[in-house]
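Scrolling down, you'll hit the structures one after another.
Note that chain A is present in both complexes that follow, paired respectively with chain B and with chain C.
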Partner chain A sequence: MKLLKGALLPVVLLILWEVGMRTHNVQSDSLAAPSQIVVAFWNAILDGTIARRTGETLRAALIGLALGSGCGLILSIVIGLVPPVARLMQFSIEVLRPVPAVALIPIAILTLGFGYGMEISLVAFATFWPVLIYGHAAITNIDAQLIDLSRVLRLSTTARITKIILPATLPRFFVAFRLAMAVSLIVAVTVEIAANPLGIGNELMTAAQSLHPDLMFAMVLWIGLIGWALNAGLLFAQRRLFGPAGGALTVQP
Partner chain B sequence: MTARALWMAGSVAVTALIIFVWQLVANYSGIAPVFLPGPDRAWNALVAGFSGGDLPRLTYATVERMIYGWALASVAGIVLGAIIGSSQLARDYVAPMLEMVRPVPVSAFMPVVIAFIGLTGKMIMIVIAIGAVWPVLLATVHGVSSVEPRLVEVSKSLRLSRLETIWKIALPNSQPDILAGMRIGLTVALILTVIGEMLTSENGLGYHILMAARAFRSADLFAGVILLGLIGLTSNVILQEIERYMLRWKRR
Partner chain C sequence: MGVRHMGRGSTIFADPGKLPDRETLMNQVSPLPRTRTRSPLIAFQGVNHAFGSRPVLQDINLTIGQSEFVCLVGPSGCGKTTLLRMVGGLLAPQSGEVTFGGAPVRGPAKEISFMFQDYSKALLPWRTAAGNVSLALEAVGMPVRERGPRILELLTKVGLGAHADHYPAQLSGGMQQRVQIARCLAQEPSVLLMDEPFGALDAMTRQALQDEILRLIAVSRTTVIFVTHDLEEAIYLGDRVVALYPNPGRVAQVFDVDLPSPRNQLTTREHPEFLRLRRALFDFIREGET
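And now, the complex of A and B:
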């Protein structure tokens, strides 16, 4: 029932859109009827455009995400375990973090040229921060008794990280990772729209510039679907892996 | 000097050290200055740009665009969010559609809006507003719909009208959510301003740094990026202070 209620408005709007376009016989360079969009989408699947472009975007986004969140994870553990380092790095982090990743696009073009390299580095830069910030918060919030316990047991630093800190912070790191993944897709598509001749973003831009509104809307739809599917997949994994420990955490980016 | 101030000084010193290393790398590593200008050259470009160059005008254009788009988004987000959040009907029928549109990266709407409105300054403002509205809208819906039931009962027994309930109870109650949403919205607004300027060649820092990169004027490029970082930093700090002031009742 809830599903039906939620679906009602979009369905009505889609029908109005379709009927409106047909009855007025609109020929537009910027608008396409839903049926045309579906046809364009289907054709793009058949001729392999979707698979190729999606592969390009996901490759850049995921490699960048792995690099960025990996570095964020390591640095957050370091500054989490050694508080003086955290306090010394604080100013640098506060100053660097607000630099919008998109402002670095021209620098990346200049130094790395077009291609995967620049896109991956920009995604890595953008995904580094959320993992670092949330990861650091997670580590400083570890139950003090657990830390005491690790002292009592005289665990080595490696054992302390693998046996106490990582298990205790894993749910929160996972939430940070989910956030970073959303960021990685956004940054990858944005870089493709703004400059890089790769991926779904570029296909979208080309469709818009060559006046193919049907393909353009199909691409917007597809980007939304990917973002939704990735997030839903990770949410599912989070619930399965951590149960209430992960569910209780809300992320405020 | 307190310990806190000492730590602060230390962490500023670390930043200075990083800048110093950047200078050393730029001077001695053999990377061509076309690709990596030292901080000295970036600083000179910044000073030159401000004392007779274009930078004040470009910065003003970018900041103006960002703030207008963000203000538009905030007002629209709060109004729509209050309407949707306070009505069970709207929450059932409208909110799911909003959740469906949300995962689309806002920059993906940019080509669509360009196709409709064309490459104008107005278009950037609209895209900024569309993008920055989501965090505010969703935060407001969340805040307004999660008002404590007892307060809702109070408003009922006082026979407040729906508008009064929203104005006197729901909105003040969702202030923390709304302010947090607005802070994210401002970050989004800056990002979209930069991309919008790059795509439409409108005057502003975004277009300026893209042109600087194409012409291999790396000092100007870095100066522009530093300025954009400063804009992000300053706007964030200002909003954080406003948030702290407005939420001072919460800390008691």
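And now, the complex of A and C:
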């Protein structure tokens, strides 16, 4: 019932859109009727465009995400546990963090050329920061008593990290990872739209420039679906992972 | 604080009107100090400490004997917890020395176990009761297959044998503190440091756990340093009660508790010596506050 109510507005709008396009017999280079979009989408699935382009985008986004969030995780633990390193890095982090990843596209093209390397590097750069900042906050927010406990029990550094710090911060790291994943898709598609001849973003640009609004809209729709599916998957994993044992630990962003 | 203790204490008597006045109590001096033949295990020698510019401890000199149960009492800001953390090796004094078995404390020692005040933060919420006890065994490198029986034995000892698979969130406050006791015992400590462990529990649970602790350490002959706000709890549990003055923390007076063991929640708390000490300690703390 709730779903039905939620679907009401978009469905009505789609019908109006379709009816409007048909009654006025619009022939446009920038607009397409929903039915035309569905047909273009279906054809793109059939000829393998969707699968190939999605594979390219996801490959760049996920490898970049793994590199960026992995480095962010490690560095946040290091600066969380070794205050001198935190003081040493603080200025550099504050200066580099606000730089938008897309502003680095020209530099990345100059140094790495077109292709996966450039796109992966930019995604890694963009996803590194949320994980580092959120992760660092999570580690500095660990209850002092848990750190005391690890000292009283004389846990080794490795045991302290694996048995206390990582489990205590995992829910927050997971939230950071969800944010980073959204960022990874945004940056990957942006890089493809702006420059890189790869992936869904490039297909979207090609469709727009070759005056195929139906395919263009189909690609926009598809990007939205991918983003939604990835987030839903991670949300599901988050509930499964932190549901029973750490009800109080589940942190929402 | 004082009002609460007077109120609670007076309910022990059937007729509060028959309470002996202060003079009578103070004159009923029992043959104290009791001679102590215990060898000193822990010693504070001229300990001073400050947090920033605020002095928290000033010239602390105190020795604690083998198998002794010492309670530290005093108002907030008297440095009770700081003293405990120094013995536990979590904090080094800025001047003076804390020794354990004759050697200066340099850091946490295997023989010294620490029981924290806030049970909700001292247990790992992602581990079951058994898993939390296991942490202490993992820390000393006990092989996996030996842990299971040992964990069950420890949990049974604190009355939680049937709750091994429960997560802390599924246990009551008293039960969570029992898990913490089991984890401390897993270390097989010769010294147990307890930082207001029962402060957040209701009166009935607190009394049950007081007796539990006395029963457990009577067997193991463990030395205990117990920090509390509750004067009656200090007298009930302790062989000695160390009263501290606040701002900066100083040892004000040491009271020897000469009460028969084992303690009993009814008869011990009605014992004339208990009442005398309660009155003396209470007046003393109140004087310190003014």
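Note that in this section the second predicted complex is superposed on the first by the 243 of 253 C-alpha atoms of A that agree within 3 Å, B and C clash if a C-alpha of one lies under 4 Å from a C-alpha of the other, contacts with A are read in each partner's own complex, and residues count from 1 in each chain.
Throughout what follows, contacts are C-beta pairs under 8 Å (C-beta built on N, C-alpha and C of every residue); 3 or more make two chains touch, one makes a residue touch a chain.
Values in this document were obtained by computation on a predicted structure and should not be read as measured data.
Once chain A of one complex is fitted onto chain A of the other, the partner contacts of A:Ile164 are limited to chain C, with no touch recorded for chain B. Contacts of A:Ile105 after superposition on the shared chain: chain B is touched, whereas chain C is not.
In the superposition on chain A, A:Ala237 contacts neither chain B nor chain C. Contacts of A:Leu204 after superposition: chain B is touched, whereas chain C is not reached.
Chain A is touched at more residues by one of its partners, and among chain B and chain C that partner is B.
In the superposed model, A:Leu149 lies in contact with chain C only, and not with chain B. In the overlay built on the shared chain, the residue A:Leu8 is in contact with chain B alone; chain C does not reach it. Touching chain A in their complex are the following residues of chain B: 7-8, 10-12, 14-15, 18, 35-36, 92-97, 100-101, 103-112, 114-116, 180, 184, 187, 190-191, 194-195, 198-199, 205-206, 209-210, 212-213, 216, 218, 221-222, 224-225, 228-229, 232-233, 236. Per the touch definition, chain A reaches chain B in the complex via residues 2, 5-10, 29-31, 87-92, 94-96, 98-107, 109-111, 182, 185-186, 189-190, 193-195, 201, 204-205, 207-209, 211, 213, 216-217, 219-220, 223-224, 227-228, 231, 252-253. Only residues 88-90, 107-108, 110, 112-114, 116, 118, 121-122, 124-127, 135-136, 138-139, 167, 169, 187 of chain C touch chain A when the two sit together in their complex. Chain A makes touch with chain C in their complex at residues 143, 145-146, 148-149, 151-155, 159, 163-164, 167-168, 244-249.
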